[in-house]
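Consider the two complexes below, in which chain A is the common component and chain B and chain C are the respective partners.
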Partner chain A sequence: MSNMHILSKNLGYRNYFQRIPGVAMMLLVGMIFFGILSKDFLSVSNLTNIGLQSSILLLISLPMTLVIMTEGIDMSIGALLTLCGVVMAYTLSVTHSLPIAICLAMCCGLLIGLINGSIIVYWKVPPFVVTLGTLGICQSLALVVTDGQSITDVGEIVQLAYNGKVGGVAIPLIFSVIAYFVTYFLLYQTRFGIYVCAIGGNRESLNLAGVRTNFYHLAVYAFSGLMAGVASILLTARMSAGHPTAAIGMEFDAIAAVVVGGTSFEKGNGWLLGTLLGVLTVGVLRNGLNLLGVPSSVQVASIGLLVLVALLIDSMKMKS
Partner chain B sequence: MPIFPNLNNSDELKALFYRLFVVIFICIGLSFLSEAFLTVNNLLNVLRQASLLFLMASGLTLVILTAGIDLSVGANVGMSACLAGTVLLATGSTTLGFLTGICCGALIGLANGLLVTLLRLPSFIATYGMLWILHGITYYFMAGATINGFSKSFRMIGSGYWFGIPVPIYMMLFFLISGSIFLRYTIFGQQIYALGANPVTARLSGVPVTRRLLLVYILSGITAGLASLVFLARLNSAEGDIGEALTLPAIAAVLIGGTSLFGGVGTMLGTLIGALILTLVLNGMNILSIDGNLQALVTGVIIIVSVLLDLILRRKSVV
Partner chain C sequence: MKPILELKNISKNFPGIKALDQVSFSIIPGEVHMLLGENGAGKSTLMKILCGAYQADAGELYYQGEQIEIHSPSDAKKFGIAVIFQEFSLVPYLNIAQNIFLGREFSGWIPGTIDHSKMHAEARRLLDSLSVEYDTYTLVHTLGVAQQQMVEIAKALSQNAKILVMDEPTAALSDRETTLLFEMIHKLKAQGVAIVYISHRMAEVFSMGDRISVLRDGQYVGSADPQKTTPDELVQMMVGRTVDMVYQKNFISKPGAIALRVENLCSSNGIRDIHLEVRCGEIVGLAGLVGSGRTEVARAIFGADPVTSGRVEVFGNNRVGEPFHSVELGLSLIPENRKSEGLALIRTVEENIVLAGLKKLFPSNWIRLSRSEQVANDLITRLRIATPSGKRPALVLSGGNQQKIVIGKWLSTESKIFIFDEPTRGIDVGSKSEIFSLIYKLVQDGAAVLLISSELSEIVRVCDRVYVMREGTISGELSGDLINEANVLKLGMADV
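Moving on to the complex of A and B:
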């Protein structure tokens, strides 16, 4: 296996078909399984619901794909999303101005992303430790800002971001589509994307080629933080509140979606469409288990198992 | 008696002395800032908390020595505590409760080890996935209930005293000494260092890498299981989220203790001092009545700073 096929939107369809089965089969199996077990699952309203629910996860899974492609990880993104949501709700409750709140939430995300990135890139500290540290920091800050309570005084307008429609299309879906295509464009159509693959694949030769590797590497983490800020708009709108533990642990869903989608932790192998399918698989699993009345604790455990199954399939493929 | 640090290695000694200075410095600072700090009760309390942290961190030290990590220790403690507590209440037998806790911990460690060695997953991913699986199972198993009221003989190990000193402190000393001897004077221990310093060389020199890695993860699971028993005995109650807040402090203790994330460098005594430093900081925050919500923030900052220090010191010693 070379790491060529990432660069390779058009490097041949065979690669595509080889990779599709893992995720797509799981998604299909999941949908058929839940379709049989629960009558409501395949209804139009439920399927749109899955799409809506998956939008927040997609927004943080897309940058997570890039981060994992650089052989890194961002454990802090769930806590960061929570912190951004809390910052947004707090600003809304104080100023009642949506633009300021959105701005501050995104700045907060960007700032923590930059902090993560600079410690990882310039001091060469392993990503999981840095982001584990910032996870603790973000979680603490979210609790301190809210004093452990929910902030419910956020006004009506913000709910539009989750419930509203533009031209008959729900706004979260618009967010998702834009985010997907922006990331797609960045990864497959720009120099930045090629460098992202190369940072994971062969950082040394990228350095030798005179590329400012550190800058692009930092940009990946900054992008991750920024997207957490964007996702926090949807999160706040969905709950119409800021809650200090709202998205704690969501990084696990995001990592699961990326891994299930066929991105590997080595050599910059990544696949953006796979992440989209992975997000939908996680969404289908959560929604289906919900409909069957399975408690959320078991849902978390089954996502863990899903990841294991995906990795097993992967390692068997590697052997064959 | 060179069981603790290697007396021939002046860098290692120096690093330990720096950390001891930090401990003394924090103690002096805190005793100036608050009268409540320098009382026998509070000091024993600090030591008892540190010993709990050290129990978890001692197994974790072994894992980190092999350049891996075990993020599931907290969740492991939670699940082992809940299972052991249930068995204790159901059977009334302390022995069975003990066995359950330790076996549960060991099995989780084995599962981690298999994921890392057989599936060749990066350890932080494997154990992170394990963390959520364990959380899920524990929550489901407990279904929001709290169990409490364990027998007095069981609670001895957490809240009992021998000669005026809490029992966990004896356990801490026992683990410190046996852990140090294990690392320093047994082939297993030396192989763990070799494995962490350079896995390829270790394999080529005949270290059975897979089996040693499995052993390390199982030991980490066992110490987590043991810590869960002490924790259970001290709290005298257990609920689903019991271990949630323990992972970050355990990792922080190991890292401040000078064990390098990149493997091959570190001692048990260092981890003990690390556990002391972290406990003193958190205890000081309590005494000075600083917002408890800030504890995770402080722990997070300590983790990042200690890794940075490790890197800076290593770079210096290389040049």
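Moving on to the complex of A and C:
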């Protein structure tokens, strides 16, 4: 019976192609490609820049991985991120207190996340439909709060969250590292993580094992909302304003990063490191295309193409 | 030895069906108790009562002499009852240790965290006790069926199972894997675990069983000692004697020209070398156990599953490609799963019933609603579908009436060959007899019918000829006086 073990080892030695995940290949190819075409691309300042730019996307792609592992999806995350940013900017403009603003932004994210989760779990409405609904609501609320204008009266201090450094490391990178390890810990070291995998993999058996499945399922969406709140701090800091269309369509990038990273929509098959690589791949692509002067309208198409290529590589690997 | 678990007069009713009728049954530690019965005899209902998924309507359970009640899966676990269904309860992308201890993880020092090393050590210990060598870090989806079965067994043992119920555990196993499973069962017996083993394979019933009990139509027929009984006796016990007026047939079939001829058919879903023919004006049965490949044959003939080799001839024309072409040739399939494959449940009765015939009715692609309503209402009257109006959604009707809609669908295409896959499953007796009179009418009008059924009494009373399937291929053909339940059962069960 241990021959299966030997078999997998043999395969590995025989075929390196099989062992390298598609997303790592693409990240590498992307780096080389843009490195050749643009001499600025591989400079330290630009690479740091990619890290900075990717931080917001990473913060919402991490919980998206968990959501997709439960065979769900969170379409509302881009709009929710926008709404949280607007709430934060508005609070800043009124109170000029950063802690209160951060607190309210995170509460806003958590609240919408709980609403998403409750409707999905207790009323058994498909996640796509529920989060599409909250997408519309969040988007509209953001416009109502701002009256369609940017809120620029946010003070100077908030910019530090994006431009500041602690011990020589940019704050968004610190956010990213902490968020990654917290999510990693939740997914691989806690009960919650095992149950996330089991909700997507075999919900019935989890119920039969006497686990409060609904509670954990709801927690996944709450986590997603909360992380949108955290990401909104960076978003507001980066623009030093609250803009009602700031993160429109960001759910597209997040879902793309997760899927490119090898997480599947079925059976609770997810990979957190893959999501990190996926986020970086999307970041490299966006940054590289910017350097080459490609208009942002075309960039969306290139991310779509990226998803297709990633899935193609994986299905080729399955065959070979 | 004293029984660890005793069931007394257990009954369970479902609407219209007595699934279990006063069944008594006992299990002794260290014995393998074989449970036999035809499809629908009540074996799986009994299992579900044991594992707490269903509750008995009447009767008592005794655990080591004391009366107990099982209300939920966790109650069943408390008494050390573990059930391994044919469909596994494993999570594909968790590793072996995580699966074994799902819902009962060992906590680390921070609340909510997991003590991985302890969990893997414990899993290792369990697997070692079963002499299984897999790495506990292996993801379950990479394991074969037999290996997954071992993990299920380890999971059951980790809950200190004293009573292990297995539903056809060898159904998906190769010979080598089966040997391994049997070794495991011997080990468990030696440890004093009581095993209830459901099987359709005579060879293992005799080689593994310490005691054999037979169920039929929800009733306990009797027990037998494998040393003293014979396969024929067991078959006799399983078949029993029940006369059924449901299938009353008051005409003699007059088989005409060959309508459907299947040669050497193999398909990607595991059936091989299927030869059969069906003539106009006759009802041909396709019998066999659940999982023997009957549905797969139907789907391959109809073109719903890709055919890898062989040919299907419909009135002398070679059928190639998709169901689309089959329908053109006059072939129709009334699928096993009427809710998911036969009906658009939220659409109306009218819309469903004309769905397959739209192309014949309106060759120009323009649909005249008045005409389609008229056709639908004709069919509703003709089939005596009990619905207040043709405008009601199909999902509100009873199973029998839904089945009639599915049949009606094909009547409007003027099909000449009908493949019925379990047409009477989950249908009350009244509708059953109506559906059969409908089938008889079709045959008398010259249609050819291929009938798949798990109910032997149905096959025996209705069919003019019967093909019996076993493990993906046809194991025999019966006609005339040779069609009886014992013969069908014998051909359907391996190793008799």
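Assume the second predicted complex is superposed on the first by the 297 of 320 C-alpha atoms of A that agree within 3 Å, B and C clash if a C-alpha of one lies under 4 Å from a C-alpha of the other, contacts with A are read in each partner's own complex, and residues count from 1 in each chain.
Quick note on the criterion: contacts are C-beta pairs under 8 Å (C-beta built on N, C-alpha and C of every residue); 3 or more make two chains touch, one makes a residue touch a chain.
Computed from a prediction, not measured in an experiment: that's the story for all the values here.
**Student:** Check whether A:194 is in contact with chain B, with chain C, with both or with neither, and answer first, second, both or neither.
**Tutor:** Touch status of A:194: second partner only.
**Student:** So in the superposed three-chain picture, is A:164 touching just chain B, just chain C, both, or none of them (first/second/both/neither)?
**Tutor:** In the superposition, A:164 touches no partner, neither chain B nor chain C.
**Student:** Quick check on the superposed pair: does A:134 touch chain B, chain C, both, or neither? Answer first, second, both or neither.
**Tutor:** First partner only.
**Student:** Any idea whether chain B or chain C touches more of chain A?
**Tutor:** Touching more of chain A: B.
**Student:** Have a look at where A:269 lands relative to chain B and chain C in the superposition and call it first, second, both or neither.
**Tutor:** Once the two structures are laid over each other on A, A:269 reaches chain C alone.
**Student:** On the A-aligned overlay, A:208 touches which partner chain: chain B = first, chain C = second, or both, or neither?
**Tutor:** After superposing on A, A:208 lies in contact with chain C but is clear of chain B.
**Student:** What residues on chain A does chain C touch that chain B touches too?
**Tutor:** Overlap of chain B and chain C footprints on chain A: empty.
**Student:** For chain B, which residues are in contact with chain A within the complex?
**Tutor:** 69, 71, 115, 119-122, 124-125, 128-130, 132-133, 135-140, 240, 248, 251, 255, 261, 291, 293-301, 303-304, 307-308, 311
**Student:** Contact residues on chain A for chain B in the complex?
**Tutor:** Against chain B, chain A makes touches at 73, 75, 119, 123-126, 128-130, 132-137, 139-141, 143-144, 147-148, 249, 252, 255-256, 259, 265, 295, 297-305, 307-308, 311-312, 315.
**Student:** Where on chain A does chain C make contact in their complex?
**Tutor:** Residue list for chain A touching chain C: 1-2, 4-5, 8, 189-192, 194, 197-198, 200-202, 204-206, 208-211, 267-270.
**Student:** Please give the residue numbers of chain C that touch chain A in the complex, ascending.
**Tutor:** 73-74, 77, 89-94, 98, 102-105, 108, 112-114, 116, 132-135, 138, 141-144, 147, 180
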